[in-house]
Amino acid sequence: MRILKLFENAPFRLYLGLFLVALFVLVGAILPWFAPADPLVWYTTPRNQDPSWTYPLGTTSLGQDVFWLLTWALRNSLILGLLVAFFSTLIGVFLGLAAGYAGGWLDRVLSFLMDALLCIPSLPILILMAALFGGQLALPIVGVALVLFNWPYPARQVRAVALTMREREFVNVAWFSGESSVRILVRHIFPYIAGWSAANFINTVLVGISTESALAVIGLSSAQQATLGTMIYWAINYQALLAERYVWVGAPVLAIVLMFIGLFLVSSGLSMRSAARRMSV
Amino acid sequence: QEMTDVGTPRAETLIVDMLNARVGNPTNMNMYQQGVTVNHGMHQLALSQLYDIDTAAGTQIPGLAAEMPEALNEDFTRFRVPLREGLTWSDGEPFTADDVVFTAEMIRDTPALAYSAAFIDAIASVTKVDDHTVEIETTRPTPRLSIVLGSVIYGNAFHVVPKHIWENEDPATFANFPPVTISAYKYMDHDPNGTWFLWEKREDWQNTEVGQMIGEPKPQYVLFRSYGTEERRVLAMASNDIDILTDISPESLDILRNQNDKVRGWFTDFPYANLDDPCERGIHFNTSIAPYDDPQTRWGLALAINAQRASIATFSGMMRASPLAIPPTSVLMDTYHQPMSQWLAEFTLEDGYKPFDPDYAIRLGEQLRSEGVEGIPEDPEALRELLGVGWWKHDPEQATKLLQDAGFTNDGGQWKKPDGTPFTITILAPADFEVQSQRLAFAVANEWTQFGIPTNVQQMQAGAFFTAENTGNYEVGSYWGSSCAITPDLFVRMEAWHKDYVRENGTPASHNQGRYVDEELSALIDELRAIPADDERIVPLGTDILKELVEGLPVIEMFGTSKFVPVNETYWTNYPSADNYYEGPWWWWSNFKFINAQLEPAAAD
Amino acid sequence: MSGAPILEVERIGRIYRRGGIFGGKPFYAVDDVSFTLPETPKVFSIVGESGSGKTTLARMVLRLVEPTDGTIRLMGRPLTGTSKERIDNLEFRRLVQPIFQNPFEAFSAYLPIGTYLIRTALNLKIARSEAEAVEAADAALRSVGLSYERIRGKYIRQFSGGELQRISVARALIPNPKLIVADEPVSMVDASLRMSIVNLFRQIVEEKGVSFIYITHDLSTAYYLSDHVAIMNAGRVVEQGAPGDILAYPSEAYTRELMAAIPTIGARWTELDEIDRHYAHERTRDGKSADKHHQEHS
Amino acid sequence: MIKVDNVTVGYGTTAFVKAVDRVNLTINDNEILGIAGESGSGKSTLMRAIYGDFSTGLRIASGTITGRFARNGTGAVTEAESHDFGQLWWDQISYIPQGSMSVLNPLMKVEKQVVDGLPKRERQGNRAELRRRIATFLEGFGLEESVLDAFPHQLSGGMRQRVLVAIAAFVNPRLILADEPTTALDVVVQKKILLMMVEIQRRQRNSLVLVSHDLGVHYQITDRLVVMYQGKIVEAGPTAGIFANPQHEYTQTLIASLPRIDGTRAEARR
Amino acid sequence: MRLLRYIAGRLVVYALVVVFGLTVLFFVPRLGPTDPIEAMLAKVASQGAYMDASQVDALRQSLADTFGLSGSLLEQYWAFIKRILLTGDFGPSLSMYPTPVMELIMNALPWTFGLLLTSTLIAWVLGNFVGLLSGWKPESSSSRVMEGVAICLYPIPYYILALVLSILFSYIWQIFPLTTTIRGAPWSWNLVTSILWNSFLPGASIVIVVFGWWVISVKAQTTALKEEEFVRYARLKGLGDGRILARYVLPNAILPQITFLALQIGLMFNGSLITEILFDYPGLGLLIYTAVLQGDFNLLMGTISLSVIAVATATMVIDLIYPLIDPRIRHR
């Protein structure tokens, strides 16, 4: 239980989280350049190898090196997840703040949009779009669609916060200091929801990655690009789980889980630390 | 006594995997309505066709009819159809010519049934001669009436219905539930959510065509059920909850054999799969779109493929290659592939290059053996019989030359089309309804990408896929199109290549979705149209047509379909298999009723 | 523009709703209030008990709340409405600045306090560069007895309420406004600071020529500080005039009640004597306290 | 009753920040003790230490705070150190925290919040009876019975503050610690509350510690006054004595700076 | 009066949201490349039945007529909106012609609702409970373990989780059935147990995933609440931990989660799709999936419209009753 105690400690959480995230960024951003061969191409290695020195995570039934495949998959998934999370949080937070702060017709229009989008179940629409864009969604399109369906969540929350923030005196002071509405939103109100936004960001990274893999698993994402989702897709397609090729299917799953834990630790560590800093004299 | 979870004794119940998963409207068994699926046993056990198919021999056989139709005139527009005597419906009423005539008139008079239009288009009239004979007139010369009204592959839309039941109903709305059936089984129970259907053997099974032709079926009950995803179906068979599975992947069969030693494939050893499926897989082109309108391009692309690698990638090599536009089934191999291998070996492209590689099977055999696969025959002839007579060479140099001759350029590893734009290919592939074509698409994409042409695979769900294919909204596709054939008479298969069926891109085409125009080919097809299936010119004509298709290569034909259709021998035995080839393993076809009647209960240990 | 009064408030009123699950019945939080601030800098106090409408009135002057009736004119130009004459936001903020009641609520916890001063100088075009802004901030801070050096990089939690309130004043001074609206600026500040802030106001009025609207419930500081006092009750101004006149000779019972509630040193509330009398026989203590009260009253 | 013996109190676990510096103080039975002092002089800190609330990172660095409570009725005496005062909370001691606008649970009606935490001895009778007693009690503070059914946000700041005082007093403790209970309230309301607190103290004959930086308040109601400055007690004694003859410079300026309605006006100094 | 105005306003927004949703639903599939007629023909073709080309053409024409896919897009749209809003009739399913869409939905709906609603609620309750405890006592090792479990389970891709559950509990330890076999007379105890039995694994898989999310969000909420003045005051009043948790923290932590719950219903429909595909569970999700694959416009409209309406209604109902639960909103 001593290990658990460490998690009480903001820096420890933060550093462990940062370490994990950095590890993934490293694996995803740098290692792919060193891949000995394009891991997407089949039969660059013998098939169905168990992990060994030459193939650290073994090979797939298609003769791909799982380790290098994983590095590529991580890169694409990370990019997708981070971009989706970044834009949906950005758009969501900004529009939510704007709606809550401005009120009036802007609020009404934005709230309506949020409500309406929230009511439309995204997965069936994504499946439809998969058909619309030619049966197989390219990653950027998946990304755009995910942003479209994900921004209303933070927006709704943030709007509620902004509504109460509007009543806070310091917002009036900021206005009398000549701050523009945008600056008031960004500099004065946003910090109060920054912690929440970070949590939302992290959750959306995961939503991005996992929705993509859900689409991939039912064969609708871009099966020829390496993402964690398509890796799982191919593994499932070749029955890796039942055939007890656990490394192949387990590697991407574990990667998703660890990445989430890393991001989670960073966000909770950050909020713990900033709380501690503001409290200290 | 062990019971199934639907309450029947397990030892008396045959459990069969349902082809199209769950049925959404289980209490509608009116097979004439557009959205009604009858793959839940109705089609396989309870209904019957006028003519059925003997899949082992590759010939049509009489079903409800007593004999094959007899043409009454020279131009094949009038036929006498004698009906089997002594048959009764499951409610005891006798089956007579009245039922047949009623059915024909009902279809004709009910335009709301989609089939009505198709029926009227082909059949002019059906009249009763006596209780067990009808006469049929067609709208145009139809040398093969049994194909129009009976099963060749899977089944046929024409189902005789009991007049005494249907005459008081509106067929457009009638649910036909519970159905009165004509074959040896009758409806017993079903799941309101459509996951399973239970059929029970009729006490009067003697009064059915199965009873007359084969004898008493042993399973007292047949349960058709859906287990959902492939993983679940595999787990179900591994735990003996299902006796017969429809298509699965080779990996799944591998798992099953490891998990349960009562499970077997078509072959007990390599290649496990049945290779006699009457549909072939290959890479199709929309030949109306540049640069695929040039046979040089198509040939170039064909020679850029390493078929050996593609075979392993697709199904671990458990496939039979075919350079011809007909599936390499045992029957057709004997009729066409083997006799034509000499011609193939000598066949030259325009520039004198000989593209055929007769040793494909031998080299693949070696490679598989080196990977530790057991049970590969040593004898070259046996290998050719197993893995195919040969295929096109993998010759990137020649491929480059052909492409360059066709106007392509390659600077610095980047292929450019004749019009100067970069050459990339998109292969349209089934998303999750046909695993072999899907994997083949990825395998070929892998080959072309390695050759230097960036190729990606565009997977589409069934609806979208067929819409794209029929409207010509694709360039390269991986599926069978209409590439199915089972009898040496190639009419059914080749008719589809006729230029008459070519439609503009954007308009749906019912045949010839590749929009291939070849005058000589069309002339040969016209000839074939005019002769009946038992004419002696059938095979020579078929051979000529196949040669024509090799030259033009509108499709890079690759492999016959390998059907991994495992059975579990825990409760039932005497399934058809490579060693016991009394029928092919198409459990979802109308002839399943004949297989079912020959199964034996496993000896209780 | 010269000659026009700084602020003219004409018969303004504001309706709110109260009670009920949704909405409730309307009532006037501010009802038909008029007053004028002359051109010469003055301190105008508004005194009244809680809920009498002081804040609402102040917020209408600050353009934070729309009046339901009446008009407000700043330097002769309308503050509300749609007319072309209406003062634009930038100009308005250079003319009028607020000081709020709770100093701990007046700044974001996430920004160094200095930012507010710098931004005010830059946004309101008092300074053209960061350096000039720092200078302006420092000057303003010095006039309230602080310096920029002392607050640089510090956050709200690192200040006492009195300091914060003085920083608020400094911020308000930066654009050299004509009018500062201070809503109970000292009620949350302790007594010693209270007087220094109040004196600071006086000093600002005199040295910088800024007028004040000083809102308070504390009659004594109002009396001490202002040139003109308005007593509010239930949304209406019940009495107004020079503090000397009004407080020396209150004509309204309400004003007298307000005065009586001030805990003045030297004048003990009579109610306390009643309580003591009531419990006198029970008191165990030596009775000194009773004597003490006696002495002070005599 | 409470003896504060040479106590130094501060905050922080790693770096200790002194807030109260070597303070000696006695709180007697049956008296109103006032604590005055400028902001940040450690008044609240001292109160927390006396109450035994160490949840804010407060630490007693040296010295002791001991209490001796005689139970009402039985007269049983409990002695404890402030670290163990927790068991006496809302029984022998009650507390009105500073800045108490948001200390009421927004989702609980006022009545429940009064009853919640009441010691057994005060819970006599059935619910209706208890409610009536509370209502009568509140009436003394000028609050109607309907307040009991209100949620906190429905009350004005003054009402909320009165509710808090009422909650703390209804417990009938031996000692009430009130940290600036009337700051930010208007004078009319302030007067009502102060009178009420005096009344209660007289009736219960318990002790009341009142923190306020308003010397006028101290003058009105306290028996004894303590003036704090920068964490230290700079002056202590009977209230009347201090006002008559302030010793410490800080006290002198405090008293001198208070405006009086009949006194000089700033404007007049022009 | 004001109450009526408020409700009326909310209802107008509700109606607009529904119409907006329906409009999107109408146009998106029609812009798509799937032609339901070709899909239907393909179904016939994929089973290999032979028809010559002129027969296929005849079939194509007759299908177009029966499905009523004629007229301009706009005409179809108005007809559609009118029909749905006035009669709630989605017409016949195209892929299961002529079974009415409503009938298919009505068969599927109880399953989806039963499964999703219960499992979402269970997850909500469990998640709130665990989140509350671990936020309240973050230092206790049991709460840390719970949080750890939640954080590790939550990100596992749903498909994998469900698959692993099936392998473990239906194959290796054959506790739960591999496929849904629901038997028993209507309204009988057998039926109930059979349903529970068959729904356990799909339900559990939903609970596990959603649970993690609730734990994380409620924990954050609770940690923040602990710092609130009124919680500290309650402690100073000498109240015990249990009391403070139950009366002070819990209600304040739960309230925002109620709005979240409404949003969760939307996500529920997403989840149902994959769950039902995976477990072959006879609900709406599977129906939606079939509809998408077959280009069955009517069924698609029916199923998705229904989920749009369900989510919109849930949000509206929560909006309407929220003021009754939260006194602060009520009196604003």
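Going in written order, the chains are labelled A, B, C, D and E, and every chain counts its residues from 1.
Please note the rule applied: a contact is a pair of C-beta atoms (placed from the backbone, for glycine too) under 8 Å apart; a residue touches a chain by one contact, two chains touch by 3 or more.
Computed from a predicted model, the values in this text were never measured in an experiment.
> Shortest hop count from subunit A to subunit E along touching chains?
Contact-graph shortest path, subunit A to subunit E, evaluates to 1.
> Which pairing of chains gives the most C-beta pairs in contact?
Result of the pairwise contact count: B-E comes out on top.
> Centre to centre, using CA atoms, which chain is the farthest one from subunit C?
B
> So, what's the distance in Å between the C-alpha centres of subunit E and subunit C?
55
> Could you put a whole-Å number on the gap between the CA centroids of subunit B and subunit C?
From the centre of subunit B to the centre of subunit C is 90 Å.
> Roughly how far is subunit A from subunit B, going centre to centre by Cα mean, in whole Å?
Whole-Å distance between the two chain centres: 44.
> Just give me the whole-number Å value for how far the CA centre of subunit A lies from that of subunit D.
51
> What residues in subunit C touch two or more of the other chains?
Within subunit C, no residue touches at least two other chains.
> Would you give the residues of subunit A that are in contact with at least 2 other chains, written as numbers and ranges?
127, 131, 134-135, 218, 236, 241-242, 281
> Multi-chain contacts in subunit B: which residues touch at least two other chains?
231, 235, 460-461, 463-465, 468
> Over in the complex, which subunit D residues touch subunit C? Could you list them?
30-31, 36-40, 156-158, 183-191, 194-195, 198-199, 202-203, 205, 213-217, 219-221, 223, 238, 240, 243, 250, 253-255, 257-267, 270
> In the complex formed with subunit E, which residues of subunit A make contact?
Contacts found on subunit A: 1, 4-5, 7-8, 111-112, 115-116, 118-125, 127-129, 131-132, 134-135, 153, 156, 199, 203, 206, 210, 213-214, 217-218, 229, 232, 236, 241-242, 249, 253, 256-257, 259-261, 264.
> Along subunit E, where are the residues that touch subunit D in the complex?
Residues of subunit E touching subunit D: 228-230, 232-239, 243, 247-248, 251-252, 255, 326-328, 331.
> Can you name the residues of subunit B that touch subunit E in the complex?
5-7, 21-22, 24-25, 28, 33-37, 39, 111-112, 114-122, 147-148, 151-157, 172-173, 191-196, 225-229, 231-232, 235-236, 238-239, 241, 278-279, 433, 460-468, 470-471, 473, 482, 484, 492, 495-496, 500-501, 508, 510-511, 588
> Using the touch rule from the top, collect the residues of subunit C that touch subunit A in their complex.
62, 64, 90, 93, 97-98, 100, 102, 105-111, 116, 119-120, 122-124, 155, 157-158, 168, 171-172
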